[in-house]
Amino acid sequence: MKLETSASGVYPIAPTPFHEDGRIDFASIDRLSDFYTEIGATGMTVLGVLGEAPKLDGAEALEVAARFVKRAPKLPVIVGVTSAGFAAMRTLASAAMDAGAAGVMIAPPNTLRTDDQIVTYYAQAADAIGSDTPFCIQDYPLNYSVVMSPTVLKRIITDNPSCVMVKHEDWPGLEKITTLRKWEADGALRHVSILCGNNGLFLDFEIERGADGAMTGYPFADMLVDLINLARSGQRDAAHDLFDLHLPLLKYEQQPGVGLSARKYILARRGLISSPAQRKPAGAFTEAARSEVDYLLSRIARSDKRGACNPLKI
Amino acid sequence: MKLETSASGVYPIAPTPFHEDGRIDFASIDRLSDFYTEIGATGMTVLGVLGEAPKLDGAEALEVAARFVKRAPKLPVIVGVTSAGFAAMRTLASAAMDAGAAGVMIAPPNTLRTDDQIVTYYAQAADAIGSDTPFCIQDYPLNYSVVMSPTVLKRIITDNPSCVMVKHEDWPGLEKITTLRKWEADGALRHVSILCGNNGLFLDFEIERGADGAMTGYPFADMLVDLINLARSGQRDAAHDLFDLHLPLLKYEQQPGVGLSARKYILARRGLISSPAQRKPAGAFTEAARSEVDYLLSRIARSDKRGACNPLKI
Amino acid sequence: MKLETSASGVYPIAPTPFHEDGRIDFASIDRLSDFYTEIGATGMTVLGVLGEAPKLDGAEALEVAARFVKRAPKLPVIVGVTSAGFAAMRTLASAAMDAGAAGVMIAPPNTLRTDDQIVTYYAQAADAIGSDTPFCIQDYPLNYSVVMSPTVLKRIITDNPSCVMVKHEDWPGLEKITTLRKWEADGALRHVSILCGNNGLFLDFEIERGADGAMTGYPFADMLVDLINLARSGQRDAAHDLFDLHLPLLKYEQQPGVGLSARKYILARRGLISSPAQRKPAGAFTEAARSEVDYLLSRIARSDKRGACNPLKI
Amino acid sequence: MKLETSASGVYPIAPTPFHEDGRIDFASIDRLSDFYTEIGATGMTVLGVLGEAPKLDGAEALEVAARFVKRAPKLPVIVGVTSAGFAAMRTLASAAMDAGAAGVMIAPPNTLRTDDQIVTYYAQAADAIGSDTPFCIQDYPLNYSVVMSPTVLKRIITDNPSCVMVKHEDWPGLEKITTLRKWEADGALRHVSILCGNNGLFLDFEIERGADGAMTGYPFADMLVDLINLARSGQRDAAHDLFDLHLPLLKYEQQPGVGLSARKYILARRGLISSPAQRKPAGAFTEAARSEVDYLLSRIARSDKRGACNPLKI
């Protein structure tokens, strides 16, 4: 199963679950995989920004990816292979594909500046991983400080047949989606899948602008699936009602550091992972922050029973 | 009237209204000033990031500031004096104070890196504007790329008696407010006013963490006043209900470029300025974006009649 | 006298001389102007990065520019008009041209990233200053963090007829000069003047690659004139001998902060300005640094009597 | 053999030699190791910025490090372990120390900003590699965009007993060396070794300011050894004469991209590696650049016969 340009729907960004003592929690990987499969996710992304990938050594990273792949045989799995060098990228991409991954995701190094530098980088990366490995461009300037104009994305997509997807998390980015889709309609650009990240913060309008779905780590991935189904079936108001209900928590989770802590905390409250533990260095999660997340969950629970997850004993 | 450390409530960031042909629209300045006074704003900030200050030359900037000051005699007016050099900063600060401003706001140049560089910069700035000019630190790393730890803020506040306020728009920033207020409670730091920016996106919890109010350009400044009154009177749920109702639009406006266009568009729809015109170079505002803003306003109008402002003929 | 694409030779970057008490030292401006004229400089640049422009208010900046223009009637004077906004840029450019400047120099704001952003910025700037004001692009990524590929320079030059010069201080930049000159030879790009900055650190080879001259603040501008004459007359070894003799000092002066202090110190030792004083905030110049500069001068003096300037009483 | 705070002299940054087809050239590793030993180098650094480390996968990196260690048993070898995550850093550091390395070198991620962030990062890194692994701080703001004030270095050195060395390549940095050495003289800071990088561009004065030696990749490491010996024996003028003779080439090599190409080219001309080949993506080295390097070598050869190395057949 290879990642294709027709990919759509919800690709949750899976966290890497740990035990309290720092060991990888494989049973929770299985539970997450089952959950994503059951709720109708159409794929999965592992070892992304919020997968604590830098806290895994090479062997562990592979073990994690392989376990997700094995447990969710129906879901194409995208593996983050962003690396400081092409040698490490090639090694991880090759091993991940051998383990059954459907494709890889590559973010640019934050030292790139000019259009040509960005285009050249992706050409070199595509060459490093091999033309038979489908890849997804991660376009996330807020995190990587690399700004890709629509023209740059067009050049990368056109130059590299193995580019099949853009993870769109530019900010602001609504017009970028419109531009890319207009080029596609005009025959100036081939179709690639556009899945939206940036914690889903603009997913309400991104879908309306032509995005194919979501790739983000919000712990209510089932809500994201519902949202996209509502939008696709033309129930605009209902889609926005659902989105707006969760927006206070989506927004809260967008905070770097706090965000991952809140996500793991909520996944643990939902029983989807055994522990909210992070490997060192862990993001902070103060008593005040936890109480704020609890409050936000209780507010969601007024209209969506998924918010009423069990209190966590910690 | 000088800006004081006891400042609290809502200091709207006033846009600079223009006619379609680019002239400054002084009548709209008056209307805005009257509006801010009537709704219970406790101050006002002019020539901030979203006041299109870089599109005004020195003389125009002063005219704009003076007009706001004159029309809103009860409101302390803060004037943004962030400049590429201390000479220009001194000149503008001095003229603004002569024109009746209550204080000035200073953002750091985006080339500062170390703690010492930041502390030194504010010492030099305080010296440039004179010790009798109260100033507000603008702590906005997302825009200025300068990260101030709580310790750095403490050093600036302690070193410079004329520092009376922090415009807090760090991100994430809730723990920073808690830290500063804890130091204050412990006697380790004198009190300064903390007003929150970052488009009010975290205002719901910022107030609960100890902030004194808001300084942001959201076009429903009257909602911000209500929100703070609800929070202060202990009506937590009602405060969050109001905030959450407006959050989809607050979030939409946080987009750079689009944000200012949306704000001026809404202010024009509300009749508070004559035209949404910006001076060149103007931020984009496509048909699609305008339609999205209209939709968000209609959704607000379901529960808050302020959302039902007149359609704009443009 | 308007700046033209045929400009070549040495355009010294003039410092702004101050008295010890911070007043502008107009007599030293006259002395510098006379010196540049006498040694065969072909132009002059004022209010550049090292002209302490940010320490001058608008009126002072104009006075300084006008004084240089008046005293050196044979030399085209380029005025730095880099500003935080187009309104201030327009005002200063217009006043400078009225005062007799030959053209202006514009550096990009350090927030620009994509090719399109840079091209758009220069289009807006050219529009702001008016099509009859010749301008020079300052291409200095080390200082401004904006990287312009040759393609971007080509677009700016092609789009804006009033662009007549590039101040080349990219690093590394030798291949960029070669590329631009090759395009010119191929008829793909019109000719513009290329003068080299970056403290002249690569001037030896830049001239050989096709640059038209130097625009830098090295305090031995007379050496730069000799160097270019030697290079033009085909005396390659002699040109490099002269360059290499001064390279240790050129390199020493490239240090930010220390560089300006060293320059003003040497100009004062040479009797070309009355005092090495800088306005606050002044760059550091420790006893150790001064002694190092003295030592470097004494080494130059072994082969070039210009190095044997008088010790300074300070 | 563990790296100690008493380290001094010349630690060449060893390139990673490749065959034309991209395989690691182990015979050239041996030749380089022998050369460094013979000329009186006191240590060696491998897998640094210019060691093409990102083009090696984990296993290859270890092989390269181990080969250098084995062939130069008298020289303490420092291994660059800068990584995107602490897990990879721990793995590489541990394996390198097992293979006989004397210590490791760690550069900060370019996202760090505040003093506290930098101090915290090094505490976490020291914890990751273990307290028995001596480490060297790489202080190179021009490359990593992280600015460490002397106070920050003091905090890191004081907090982490396993910190034994600073690779100093701040710019400007002479006063920083003076400050650190003054603190040491005053008893405010324990002694650590300071070796200078930044391509040796300020080595002439850095030694005089109190640095213990050089850690840089200049292909005439034997010249660096001579320079330090001259400086130590009080022959200031002779030291500067030697330095100034090589300065034009040192400066030329400081150019990013071109620098590595020039170094490998010269090492190949000197017969110290078999080929100047780089792994993809290789830095450019045009005909013009090679001719410039040849010219600079011929100029060195007029006074230092080392410059007269054999022309390379390529």
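Letters A, B, C and D name the chains as they come in the text, with residue numbers starting at 1 for each one.
Just so it is clear, a contact is a pair of C-beta atoms (placed from the backbone, for glycine too) under 8 Å apart; a residue touches a chain by one contact, two chains touch by 3 or more.
Predicted model, so just to flag it, every value in this text is computed and none were measured.
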Intersection of contact partners for subunit A and subunit C: B, D
B-C or B-D - the one linked by more C-beta pairs in contact: B-C
Inter-centroid spacing, subunit D versus subunit C (mean Cα positions, whole Å): 33
Distance between the centres, which are taken as Cα means, of subunit D and subunit B, whole angstrom: 48
Chain centre separation (subunit B, subunit C; CA means) in Å: 39
Multi-partner residues of subunit A (each touching 2 or more other chains): none
Residues of subunit A defined as touching subunit D within the complex: 53-58, 60, 83-88, 90-91, 110-111, 120, 124, 127, 279-281
Subunit D to subunit C touching residues, read off their complex: 171-172, 174-175, 178, 201-202, 204-205, 209, 240, 243-244, 247-248, 251-252, 255-258, 284, 286, 288-289, 292, 295, 299
Touching residues on subunit C, where the partner in the complex is subunit A: 113-117, 141, 146-149, 151-152
